[in-house]
Amino acid sequence: MGALRAWQELEPGGTVVRAEAERVRTGGWRTGLRPEAELARCVDCLLCWLYCPDSAVVLDGTTFAGFDLDVCKGCEICAEMCPTGAIEMVAE
Amino acid sequence: MGALRAWQELEPGGTVVRAEAERVRTGGWRTGLRPEAELARCVDCLLCWLYCPDSAVVLDGTTFAGFDLDVCKGCEICAEMCPTGAIEMVAE
Amino acid sequence: MSAALELLTGGEAVAHAMRQIDPDVVPVYPITPQTPIIQGFAKFVADGQAHGELVDVESEHSAMSAAIGSALAGARTMTATSSQGLALMAEVVYIAAAMRAPIVMALGNRALSGPINIHCDHSDSMLIRDSGVAQLFVENAQEAYDMTVLAPRLAERPDVLLPVLVCQDGFTITHSAEPVELLPDESVRRFVGDYAVPHAVLDVAAPATQGPFAMPDYYFELRRAQVAALEAALPAFDEVAFELTRLTGRPLAAVERYRVEGARTVVVALGSTAGTVKEGVDALRDAGEPVGLLRVVSFRPFPRAAVAEALGDADAVVVLDRADSPGGAPPLFAEVASVLYGSGVELRGHVYGLGGRELHPEDLPAIVSGRAPAYVGLRSEPCPA
Amino acid sequence: MSAALELLTGGEAVAHAMRQIDPDVVPVYPITPQTPIIQGFAKFVADGQAHGELVDVESEHSAMSAAIGSALAGARTMTATSSQGLALMAEVVYIAAAMRAPIVMALGNRALSGPINIHCDHSDSMLIRDSGVAQLFVENAQEAYDMTVLAPRLAERPDVLLPVLVCQDGFTITHSAEPVELLPDESVRRFVGDYAVPHAVLDVAAPATQGPFAMPDYYFELRRAQVAALEAALPAFDEVAFELTRLTGRPLAAVERYRVEGARTVVVALGSTAGTVKEGVDALRDAGEPVGLLRVVSFRPFPRAAVAEALGDADAVVVLDRADSPGGAPPLFAEVASVLYGSGVELRGHVYGLGGRELHPEDLPAIVSGRAPAYVGLRSEPCPA
Amino acid sequence: MSATTTEIRWHARAGQGAKTAAHLLALAFLRSGRSVQAFPEYGPERRGAPVRAYTRVSDRPIRRHDSVVSPDVVVVLDPSLAQEAGVAEGVGPETLVLVNADEPPPGLPQARVLCVPAARLAEASGARFANVVMIGAVAAALGEPPLETLEEQARGLLGGKSDPAALTAGIEEGHAWVR
Amino acid sequence: MSATTTEIRWHARAGQGAKTAAHLLALAFLRSGRSVQAFPEYGPERRGAPVRAYTRVSDRPIRRHDSVVSPDVVVVLDPSLAQEAGVAEGVGPETLVLVNADEPPPGLPQARVLCVPAARLAEASGARFANVVMIGAVAAALGEPPLETLEEQARGLLGGKSDPAALTAGIEEGHAWVR
Amino acid sequence: MSRLKTLVREQHGVQPLAGGHSLCQGCGIPVVVRTVLGSLHRPAVVVNATGCLEVATTRFPTTAWNVPWLHVAFENAAAVASGVETAQRVLRRRNGLPQDAEVAVVVFAGDGGTYDIGLQALSGALERGHRLLYVCYDNEAYMNTGVQRSGATPYGASTTTSPSGLDSFGKAQQRKDMTAIAVAHGAPYVAQACSAFWFDLARKAERAAAANGPAFLNVLSDCPVGWGHEARLGPRVLSAAVETRFWPLYEVVDGEYRLTYRPPGDVPVAEWLSPQKRFAHLQPPQVEEIQRQVDADWERLVSRCDGDHFRNAAAS
Amino acid sequence: MSRLKTLVREQHGVQPLAGGHSLCQGCGIPVVVRTVLGSLHRPAVVVNATGCLEVATTRFPTTAWNVPWLHVAFENAAAVASGVETAQRVLRRRNGLPQDAEVAVVVFAGDGGTYDIGLQALSGALERGHRLLYVCYDNEAYMNTGVQRSGATPYGASTTTSPSGLDSFGKAQQRKDMTAIAVAHGAPYVAQACSAFWFDLARKAERAAAANGPAFLNVLSDCPVGWGHEARLGPRVLSAAVETRFWPLYEVVDGEYRLTYRPPGDVPVAEWLSPQKRFAHLQPPQVEEIQRQVDADWERLVSRCDGDHFRNAAAS
């Protein structure tokens, strides 16, 4: 988190404008395991993208392109749901 | 209405105990007409009793016994609903 | 009086003000004595004389919630309620203020249950006195109209952006017909102008998050910013009132000083009672008693400086509260005590008029002289003549 | 300390008190930080250690409504809530008081939205300060327990018959584990005794009408009678507290005077903050500053005489409000100003700790010396050291 | 009541037009240059129940907002109310009491009682409602407002619902009866 | 912090038992005659998120109810938190920082850092959870509460969920590692 | 099965709701109240929501009630009753009340207090399964406050918040089907009734009181003031509602639908509309639209009652 | 009909709900949100009730939302949305907004905020006919406050306010059938869905957004914390709810029921119960009771879908 602001600097009503808001990094929530994809096995079904609770699957257009480990919490759902077993959870 | 009471004389919470409460007389609401029954035509069907909004039909057991003009508001429903025409609205 | 005057109840006068302001969205739920306002406005809509939409919601909680939704969506929004209605929506009134939704509400003041009662006191207003909304108390139907016309301008100022409640005494004003002068429709429309909020929800091009969750690291700051908006509302009120007075010729101010000059004892009151007290003041003045009245119009924000200034020279100040705080200090009294603390002015207070109990000009001598009981108007404790 | 002490959070301690009181009906709706109380009690019921029934209602409005129903039906009734929950039930809290329903409520004080926040301040309590219920603020988990045991006795006294709220600071007390001594179950049961109301709804042999409609001819009188009940609650509290102290050995009073004797400046505060202030007072006393603390335990009824007596000798009084009234005077300040008006004591006030902002003993020197800003703890306006 | 103020109390049953009468009279006074107030009394009572309304008229702006305690004029739109509905409240020997009746019903207070057979006159004039007749009578008794103003306002206020000519006739009947 | 008071801050991820650790340590201190407080910090964070808890111990009754600003001891139950979660907040050179790690993770503040391989020790002892090992370590570092008291309270508090013998073993491992 | 004389006898000369209240001349509510309370075969306590019935029967310091009566607010009658019911259950279990004398807990609330502002409290009570009899006297608007539109107000009715006017033909929405909503909650006994068919109402009250769980009665109740008809015609107007199929009489027992009266089928909806001023502004196309709606609703209802997967409950 | 790639494309690289929120590891809610918002074919504004989703995505001064988002309180999302929707309608009529670009007004609320404390606001919105899409993410308890029982909590589940214990087997009541309640309101589009059947959910969201009036989606959403299952198993647990017929997938269009998926029929309810700790205490008789309830509910549903008086809506 950046420097905390003083009351005079806040939007009326506490509105948060997304463009100006700081990004929260929840990658630190992972407890030892992170997902890793074997691209050769990936068939771009995008089920991992669909099911990831943390919008941590990165796409390039409609092609699977990896994980955003800044926000991935390591829930293992992508690995569980990948139909080709392309995703494995590995130690950090 | 009787004499208005002082605050020290009231039940906690403003509870009204029916037995002690004054009766409200709404007979005065009638605007010129009151019901009158011709007992000879009455068959004790008690529909007047059923439909009277003001519980103003007096019974003796299950026999029709007249009107309580202290509370009858003169709505004419009893006269309208009496199947034998035993009830007529008459000028006060 | 002039033939241009209409004989209107406060409720009808406010309905006319709403027709002229012509808000976009009016979510309402009926409750006595607010009903003449919403019924009058509903009829204007039904007849095509007003062009917004009445939303007949299923409770007051939803009335205020829908009002927040539409006000923040970018639509001018008004509503009205009384008593239990205000109590039921209290939770959302605080939030409306915190979200800075410039909603205008007509409040027909009525006693809170229990016991249930439909007549006037100010307990409903007082229930939300910490909520951060502005509350303006009017004295009669004319002022109910004027203040309603003023309210959107105050509410929508970028430095204010707060809900504004125009509080009129239930029945005593809402249902009493008095001479009222209406402004021309065009003048009102021009006076209120266009509506805008900083981040309209419907603006999908600039997505904003409104109503986020605040932890201890920010909550206090956000609340402090809200206090600043209320502080700004006081000079803002003066400015907007000045502009409106130019149209109406009728003065409006955050406090009204009535024969305060030279008064040794000054009575402080809100709402329609002030008119009654004026009669009593005149009678006492006629009898040579140096008595005056300070009518607080803007109860929130409370005009601390103006009150202190108006009362500072008196020997004694008597506050009349039309609401009580059982086991504590009555609200208006506590407010005045906070302002006058340390001034050396003698301060007394009375609670009167709860649930529609009457106050008469004839009660004033006892009130002013200190012979009146703490609760004025209880039948077992009459004011000595 | 003694091995008989348990390490319990305030929430757990209250759940134990409820188990021991063993009420008949407990209608509740979950909200942070009240949840440990109701969850703890729910588990006791599920395990057969408490014998009443938990009613999982669908909103707080219904929680208080069901509580009124069961309390007036003739069943001992307890409930618990916080913040938005209290705001949503506010309408019915007034009615519970007016109907004289002796409900005991555990309140985990939490800031009101908006913005939404789950941490402590007293805005929720203050929202209902005119409602006619008793509000007792505790300082720690032990007192939360003791006060909960006391509450039914106070609530159910025939001269009182009012809802009693035991207010504990959210998280700071509800979720902090501290040493707590529980009374034996039997002692609590004997202490609280049997439950009775004047007209049990379920008594079909003596039908009574409860909650009638009151016109201006009676409303004021009925309200006045309610004020009398709150007035009676003050001596009643002392009596019941005395009895409980005989069991616990721990004093309980409507106000706590901490090093007030000889103090030139006295700080006034509610709840857990008082403990923090005590540390600060000790430090200042050690440094030779004649400073004291008056902790208000019974905020409603407000112990006017005790407060006046305790503060009357000071040079200055500083009121710490953990709630604000934007555009007006903060609640506790206004209350103290009303009591001390004309006493000649200098009075200052600060708002602190909204939404869980911390107050530290180290803030006290600035507060006492008058160098602290109006809002203590805002990050842009730190207390000078 | 101050010397320049006249306070009128109307008694009727809900539905008999006490509120309208109070309002119409106030309106006519307003149009003739006076300051006015008109307000009903509200309770839980429903159609058929006794109700009251008030008209307050003054030379100076009216600021008081309390109810009328000692009326100068009491108008009883339904004779059956004479006993029930507190017609005597605040009535002194000087109070003018106008009753819609052929002769004074029993139970009226000591006062300057004036009977107006308004029901009969209303029927005769076609005005249908006794209240307009009584308004005419009150105006005559007080000497104001002017008959034409009253009639004009009555037509404006009630002309949509009632025949304007009949309204005028009704008011005139009441006015004439007293004058 | 006054001289007679010890303040301990616990860092962990939600689910790793910081709250339990803070509580258990407080309980053991309570049973050994001290005054205590134990409280967690609450936010919108969920399972997996960094959380904190506090234990306050004193010779005199504890009355203050503010959070801990300058802890005497900081315990980090998960080494990955070393950088993220404000472990350095209020930490000075005299602060004792105990970390569940084999060697100091990068990012730790300047302080008296002590690494305890609690995960490893927990596994070895069968205690399963690193938090009990760390409690043992803290007790050793502070010289109190007595080991037996700690073990007794651990068995009382957690014996329902965990094997009592393993709990004892875990605590002892931690204790022994430091002492 | 109740006969009128049974109703009379059950009251032992004491009407639960006595005369001397200030409901309007000809108000339809008291008949509903007395018929229901007279059919329970048990003593009852009444919980009343704010509304005409409550306001007009209990002006302090008077009361028209001869049974224990409790009013708290407008929107919470079902919650208050939940408290009373739970109290009874617990006190009987804990020996605070006799085991053998169960009292019926009966709620009376208007349509506003049921369809709208009180719906949530009712829904919660139904879900929790309290043993209560909830009676909605449905007069199709907020009458106590001067005839404002409610969720029960029918399409096309003019009310003070849905007035007819130059740009408006009255309420633009359909009424909520509150009976269906109660059925969807799975309450063991749900029925629609009307006091003009008092024997039907009495029988339903009797069955409702015997249900093993919450029971809901939706009772059409006329309001001469709000509907704009002559007071004396109340029962006839109500009859027309049933005969035109605007307000079918049926019950749903444990989810099974059963018609309790089958109207002739040839009575046009105009017979229901025409005596009422609130419908006086409607033009023929709107009346036809209403007829279409009534026909469609009837079809749907009949199919629920007769469909082969809903066994027809045996008449009892 | 949506395909997964369509969902992706509709978002133009910007997820409406971005990562970096503080919902638990493996929380089921985001999938529901993203799938719905990605299927509307229109820009959307979101109104969110208090609950896990709201609290965990908008800690001031951050936000995870890339669409306009509004939160006011817990119980009033439908009312707030009614205000937004009316504002849009009036502003478009009065030329304050363009005529051609209608924005979808979408509510997300948990089961607590829908079945219980928010029911009344929803009911009112349905009755008034606002054009909104109300999505209940139903995780069957008040999760945000620590897993308390709601009206949606199923029979037998242990929660913190309906704990299992020596005298208790968890929640003693049946869950409210909120979908049926919405249907009883006559909303033009009502459906029950589940994110494990994302294609079904996407299609329903699409149809709901196109409905001419209020639409209600009841979407089962798992909560690893409250249900007590491993985070990674979320989608599988949800599948089991559907396959065991505990949570049938169907839609009701203008009152006509249609199953959108017919599970095999031989999967015992135990497959749904057993991975979840909240059911771990249940004994065989209780499991059998649950199986009976599930079977009975399924029968009733199928009869509504297949009954000869409910024409089967053509598949679309």
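Chains here go by letter, A, B, C, D, E, F, G and H, matching the order in which they are written, and residues are numbered from 1 within each.
The rule is short, and it goes like this: contacts are C-beta pairs under 8 Å (C-beta built on N, C-alpha and C of every residue); 3 or more make two chains touch, one makes a residue touch a chain.
In this text, all values refer to a predicted model and were calculated from it rather than measured experimentally.
Colleague: Smallest number of touch links from chain C to reach chain D?
Modeller: Counted as steps through touching chains, the separation is 1.
Colleague: Name, by label, each chain that touches both members of the pair chain A and chain G.
Modeller: Touches both chain A and chain G: C, D, H.
Colleague: With centres defined by CA atoms only, which chain is the most remote from chain B?
Modeller: Most remote chain from chain B, centroid-wise, comes out as F.
Colleague: As a test of understanding: of all chains, whose mean C-alpha position lies farthest from that of chain A?
Modeller: Of all the other chains, the one whose centre lies farthest from chain A is E.
Colleague: Report, in whole Å, the distance between the mean C-alpha point of chain B and the mean C-alpha point of chain C.
Modeller: 45
Colleague: With chain centres taken as the means of their Cα atoms, state the distance from chain B to chain G in Å.
Modeller: Here chain B and chain G have centroids separated by 23 Å.
Colleague: Centre to centre, by mean C-alpha position, how many angstrom separate chain D and chain E?
Modeller: Chain centroid spacing, chain D to chain E, equals 56 Å.
Colleague: What positions in chain B touch 2 or more of the other chains?
Modeller: 4-8, 10, 13-14, 16, 18, 21, 26, 29, 73-74
Colleague: Going by the touch rule set out above, which residues of chain F reach two or more other chains?
Modeller: If we look for residues of chain F contacting two or more partner chains, we find 43-44, 48-49.
Colleague: What are the residues of chain H that contact at least two other chains?
Modeller: 22-23, 25, 27, 54-55, 58-63, 65-66, 71-73, 75, 116-117, 119-120, 123-124, 127-128, 151, 231
Colleague: Please give the residue numbers of chain A that touch chain F in the complex, ascending.
Modeller: Answer in residue numbers: 26, 28-32, 73-74, 92.
Colleague: Given the complex with chain C, which residues does chain E contribute to the contact?
Modeller: 23, 26-27, 30-31, 33-40, 42, 62-67, 69
Colleague: Per the contact definition, I'd like the list of chain E residues that touch chain B in the complex.
Modeller: Its residues touching chain B are 13, 48-50, 78, 80-81, 84-85.
Colleague: Residues of chain G touching chain C in their complex?
Modeller: Residues of chain G touching chain C: 50, 54-55, 60, 71-75, 116-117, 119, 142, 145-146, 148-149, 151, 160-168.
Colleague: Which of the residues in chain G come into contact with chain H in the complex?
Modeller: Its residues touching chain H are 115-117, 119-120, 123-124, 127-129, 151, 173-174, 176-177, 180-181, 183-186, 255, 300, 303-304, 307-309.
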